[in-house]
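Contents: one structure, followed by commentary.
Labels run A, B, C and D following the written order; every chain starts at residue 1.
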């Protein structure tokens, strides 16, 4: 399973190098992740209303070619790993010519808002646990 | 009473025009406002912990000359108006040569987090009400 | 003539008040402005490649109700005024229920990149001048 | 050699999780990197004026504990590796209690603005090459 989300680069996302500032790819990954989650039937906004959060615990990015204002980019998001506590998403950002611009991944745990301590997804969101387990077992 | 806060322009704040993106001045105004409030003895972080917020209800900006990466800017913040419910801050951003780059103001009310409805400052934070009243009556 | 651009609120656009940070509306106005310009047949990315820029000279925002993560917002953009040198765009941000969240305007001049001094649009982009004049004369 | 840069967390840097949005640490790393470079006697703003850029080619971040509004953070920056073409900076973000919040690194090459192709630093900025070589050889 994978999600593809497309949008035009915003002017405000550029820097004086004339390309998209490298911090924005983490924002784009997050847009992809939100849509991936929605596509699996789980809504992150709802999850937060139920007192849970999915903070990032690590992030890795490889910058191959810069995105530019005027480009229409696509964020491809998959679930690369999931072990019941920690989930890792993988992302590829590409342009209209299908050139890969940036690759990366982010890992997350689910925490309760008050405690900010990781919980087993099975205990708090059993349906999401089952879905994520199935997605990872079936591969990309 | 006025507050002056200085810092170096961040690279990420520039856009491909080669100058600071115009949305960042609202962020800088906010930094100035935080420090102005701290200087009067009221801490915005504390205020939020007590369930209150000070959302922006309007903002006006005049862009005279752009700030650039490499500049060290100063945000001058004053309290321009206060009527018990609504407070208006005035800001001037200048560079090392004391050239004014951007002028503006933002108006705010105090709301309770749950209701998001304006309250009389005198009822929730009487000390802050007295201080703000005094600052405005004494002029800039 | 008006342009409507819609997109989902990004998580990164929220702040700890639980709503979209007020500086992001200037970024959204810019997205609306880009699309308005494209819809008139003039491409801002192209304009910059030809050595021209359209910096913001003033901006005014009225915050009526906050946008939230989970909202899908629409930016309505029109050209409110144009006098040959200065152009003013007007914007309304609304949610799925067609509630207006934020209103505002931004004024711009066209400058040459090296000089950063306003030029008459008629002299540098006569087609755009004609189109903008016609749009303003015909009203919203 | 290491550089330490300190500043207060900005309200705009928070998200609705109530902590600093994870993309901002890349912005803070960049502030640390700018100051590290200045401390070695090389000014990144000047380097760009001479037609060179130092784009990020990869970035890795470990999020240990979130920074919050009200925190005063310190970015510690060192040069971890340098091989004549590629340089890797290492960063630690900590709070007033000296708790490490985020660790990470970014790698860069120097490119000429027009070509966006890596060059040998020795050929374009021999003094900076010598300084960076010496810093790395002498260890952190």
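Rule of thumb we're sticking to: contacts are C-beta pairs under 8 Å (C-beta built on N, C-alpha and C of every residue); 3 or more make two chains touch, one makes a residue touch a chain.
Predicted, not measured: the structure shown is a model, and the values here were computed from it.
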{"item": "Most remote chain, CA-based centroid, reference being chain C", "value": "D"}
{"item": "Chain copies touching (chain A, chain D) - same or different residues, decided at half shared", "value": "same"}
{"item": "Centre-of-Cα separation between chain D and chain B, whole angstrom", "value": "29"}
{"item": "Centre-to-centre distance between chain C and chain B (centres being mean Cα positions), rounded to whole Å", "value": "24"}
{"item": "Shared interface positions of chain A, touching two or more other chains", "value": "11-12, 16-19, 23, 26-27, 30, 48, 69"}
{"item": "Chain D partner contacts - residues on chain C that touch it in the complex", "value": "11-12, 14-19, 21, 23, 69"}
{"item": "Chain A to chain D touching residues, read off their complex", "value": "16-19, 22-24, 26-27, 30, 48, 53, 55-63, 66, 113, 116"}
{"item": "Interface residues, chain B side, partner chain D - complex", "value": "7-8, 10-12, 26-27, 30-31, 34, 43-45, 48, 69-70"}
